Amino acid sequence: MGYFANFSDFINMGGHALYVWLSYGITLVIFGYNLLAIWLKKRAFFTFAKRQLKREQRNYDA
Amino acid sequence: MLTVTNLTSERDDRILFANLNFSLHAGDLLQIEGQNGSGKTTLLRILCGLSSHFSGKIYWQNQDVSQQLPNFLQALLYVGHHAGIKAALTAEENLRWMQRLHPLLNRCTITEALNQVGLYGYEDVPCYALSAGQQRRVSLARLYLSSHPLWILDEPFTAIDKKGVLEKEALIVKHVQQGGMCILTTHHDFDLPKQTIRRINLDQLAHTITSVDTTPSYLVSV
Amino acid sequence: MNIKMPKWFYQLASPKWSYDIMGMLMPWFGLAALLLLVTGIVWGLMFAPPDYQQGNSYRIIYIHVPSAILAQSCFMLMAVAGIIGMVWKMKVAHIVAKSAAPIGASMTIIALSTGAIWGKPTWGAWWVWDARLTSMLILLFLYLGIIALYSAFSNKASGDQAASILTLVGVVNIPIIKYSVEWWNTLHQPASFTLTKKPAMPPEMWVPLLIMVLGYYCFFAYVLMARTRIELLEREHKSGWVTALLTDTP
Amino acid sequence: MNFLNAAIKRELLLALRNRSEIINPLAFFLLVITLFPLAVSPEAKVLANIAPGIIWVAALLATLLSMDSLFKNDYDDGSLEQIVVSPQSLALLALGKVISHWLSTGFLLALLSPVLAVMLFLPSEAMPALVGSLLIGTPTLSLIGAIGAALTVGLRKGGVLISLLVLPLYIPVLIFGAATVQAGALNLPISGHLALLGAMMVFTLLLAPFAIAAALKLSIRN
C-alpha cells in the first residue's frame, strides 16, 4: 500500500485523518457542484428552448 | 353607484381640473378625454384612492368612500399605466397572486383568461421573457377574470394590436351591459351608439375654468 | 487599433464555430482531467512521503496549491478575455469570461477552505490571518463582486462590458493587494509565526503536485467550455443554428 | 391568515428567483468582518475582545444594506399599487414581506455568524449566545428597517436616507445583542439579555406592520 503499511493506517493518516479527509471531501463536493451546475443549466436551457420552439411552431401554424 | 362632488385637483400649483361633478350608475360607461398632462391619470388615481392631491368628496353607495373603503376596494378593479406584473414570476403566478388580492377575479380560470388574450402556452413563461405588449396582455387578462362591479382602466388599449382592441372593447361593453360600471381613458374612440357613452373632456373643463373662473363646472352629457 | 491576428482568432468570433470547436475539445480535456486527477490523488495520498515537520497533513498540498494557482490564473484569463471582448467586440470572449467567473470563485473557495484546514494542526486555529489566506479571501470577494455585477444587468451585453471593466480594475489591483497584505503580515507577525522556508521538495513530492496542477487545469478547461457552450446557446437561441440543433436533438 | 402565507410564499419565490440577491448581504457581512483584522490587528487576543461588537455591527449594516430594495421593485413595476388598491390589508402584506426578507437575510446571517466568530477567535462558549442573539435580534432590525424603506420608497435617493432614519432606532437592539455575546464569551448567564431582545422583537412585531402600511400608503399617494 505504497507509503502506508495497511489500509487502516492510510485512513488514519498518521493522526491527521480529520484534516486530510475534510479537505479532500470539500474539494470533491465543490468539483461535483461544478459538474452538477453544468448539467442543470444544460437541462434547464433545453427544456425551455424546446417549449419555446413548440410554441412558435403553434403560433406559426395558427 | 359612484358619485363625485366638486372634485378639484392641484399638482405643483397647477390646477388640473376643478369642481368636477358626476355620478356613475350601473350600466354607465364614462370616457375621460383630454390630451396628455390634462390630469386624466390623476383623476383615475384619485378615484381609486391612489392619490391625495385633491379636495372635494367621493361617495360610494351614497356614503363617503373613506368610510366605505373595504367594500369599495372589494368592488374596484384598477388597471393602471404599470402592468403591475412581477417580471421574475410567470404569467400564471402573477395572475394567481392577483386572484389572491381580489377575490372577485373568479369568472374563469387563469388558463382561459390567458387564452382569451392570446397567450395560450405562455402560462409558465417568466414575464421577463415576454415583450411589453405581452406583459400588458397578461395584466389585461384580469378583465376576463373579473366580476368587479366597477372597472377603472387607464389607457387599456396601449400596445395592443387591432384585433385585441376590438375584443377588449366588446368585453367592456358586455361588462357595462351586465350592470357593471366603467371609467376609462383612451384616445381610441368607441364605435358605439352615441347615447351609451358619457364623456368628460378635461381640456374643455380647464378652458372654462381659466376663462370664467366663477361659474361652476358643468356635466357634459351627450 | 486593429492589430492583425491569425485567422483562427477571427473564426473564434463566430459563435457556431466556437461552439463546435469546444464540443470537439471537451471530451479530450474531460478524459485528461480524469486521468491526471486520479493518478495525482492516488500518488499524492498513498505513495508520496509525508513532510518531516507536518506529517501527513502535508498531503493537503496536492489540492490546496493547484486550486490557489488556478484561482489566480483564472482571474488573469477573465481579464484577457475581457480585453479581447472589448477591443475586438467578440461576444464569445465575453461569454468565456462570464463562464470562468463561477469556476474561479469555486477554486478560490477550495483554496481557502483547504488552506485553513491545513493550518489547523500547525497553527492550532481553524483560521489564521496569514498573508496568503487573507489575499485569497480578498480574491474571493473580487470574484463575488464580478459575478454579482454580471447578474445585476438584465441586458447581457452591457453586463459583459461592466464586468470586464471591473475585472481589469481587479487584475491591476491583485499585485497591490498581495503586496499590502504581505506588508501588513510582516508588520503584525511576530517572528515565530512565519514558516521557515522549506528545503526544495524532493521529486517524489513535486511530481504528483505537477500532475495535480495539470489535472486541475484540464478540469477547469472542461467545465469552462461546457459553461461557455450553454451560454452561447442561451444567447443565440433565436438564431438558425440553435433551432436546427434543437430540432434534431431528441 | 392565509393571505399572510400567500404573501410570504410569493416573496420567498421572488427571492429565490434571483439568488444572487441573497448572497450580497452575506458577502457584505463577511467582507466587513475581514476589514477589522486588516485595520486593527490579526492577534487573537485583540480580535476576541472586539469580536461580539463588530459581528453585531456588521450584521446590522448588512440588514440595512438590503432594506432599500425591499419595496423598491414592487413600487417601480406597479404591484405595490395593486396591493394598495386591493381589499387585502396592507399591514399583513408588509408583515409577510418582512418575514420573508428576514428569512433571506437575517436568518442566514445568524447561520453564517459562527464562521466569522472562528475567524475572530471568539471563544466557542459564546457561539450559542451569538447565534441566539442574532436569531432574536435580526427580526427587529428587519421590521424597523422596513419602516424606513416604506417611508423612502417613493424618493429618488431613498437608500441613504433609510440609514439615517433607521440607525438610531437600531441602537437598543445593538446594545443588547452585543452584550449577550460578551456575556456568553465570559460564561455568564445570557437568558436575561435574550429575553429583552425577545421583548423588543414582539413589541416591534406588533406595531411595525401598521407603521409600514401607513408609510406605504403615504408614499404611493403622494
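Letters A, B, C and D mark the chains as written, and numbering starts fresh at 1 in each.
Simple rule for what comes next: a contact is a pair of C-beta atoms (placed from the backbone, for glycine too) under 8 Å apart; a residue touches a chain by one contact, two chains touch by 3 or more.
It should be emphasised that the depicted structure is a prediction, and the values quoted were computed from it without experimental measurement.
Trainee: Determine the set of chains touching chain B that also touch chain C.
Mentor: Common contact partners of chain B and chain C, which must touch each of the two, are A, D.
Trainee: Which chains make contact with chain A and with chain D at once?
Mentor: Chains in contact with chain A as well as chain D: B, C.
Trainee: If you tally C-beta pairs in contact for every chain pair, which pair wins? Let me know.
Mentor: Ranked by contacting C-beta pairs, first place goes to A-C.
Trainee: Select the chain whose centre, defined as the mean of its C-alpha atoms, is least distant from the mean of all protein C-alpha atoms.
Mentor: D
Trainee: Could you please state the distance in Å, as a whole number, between where the Cα atoms of chain B are centred and where those of chain D are centred?
Mentor: The mean C-alpha positions of chain B and chain D differ by 38 Å.
Trainee: Could you put a whole-Å number on the gap between the CA centroids of chain A and chain C?
Mentor: 17
Trainee: Calculate how many whole Å lie between the centre of chain A and the centre of chain B, each centre taken as the average of the chain's C-alpha atoms.
Mentor: About 53 Å separates the centre of chain A from that of chain B.
Trainee: Just curious, how far off is chain D from chain C if you go by their C-alpha centres, in Å?
Mentor: 34
Trainee: Using the touch rule from the top of the page, what residues of chain D touch 2 or more other chains?
Mentor: In chain D, residues 18 touch at least two other chains, as defined above.
Trainee: Which word fits how the chains touch one another: line, ring, star, complete or other?
Mentor: Topology of touching chains reads as a ring, each chain with two neighbours.
Trainee: For this structure, give each pair of chains that are touching.
Mentor: Inter-chain contacts occur between A-B, A-C, B-D, C-D.
Trainee: Mind listing the chain B positions that touch chain A in their complex?
Mentor: 120-122
Trainee: In the complex formed with chain D, which residues of chain B make contact?
Mentor: 48-52, 70-71, 73-74, 76, 78, 80-89, 93, 97-98, 100-103, 126
Trainee: Residue numbers of chain A touching chain B in their complex, please.
Mentor: 51, 54-55, 58
Trainee: Using the touch definition from the top, list the residues of chain C that touch chain A in their complex.
Mentor: Those in contact with chain A are residues 41, 45-50, 55-57, 59-60, 63-64, 67, 102-103, 106, 109-110, 113-114, 117-118, 120-121, 219, 223, 226-227, 230, 233-234, 237, 242-243, 246-247, 249.
Trainee: Would you pull the chain D residues touching chain B in the complex into a rising list?
Mentor: 3, 6, 10, 13-14, 17-18, 73-74, 77-79, 81-88, 220-222
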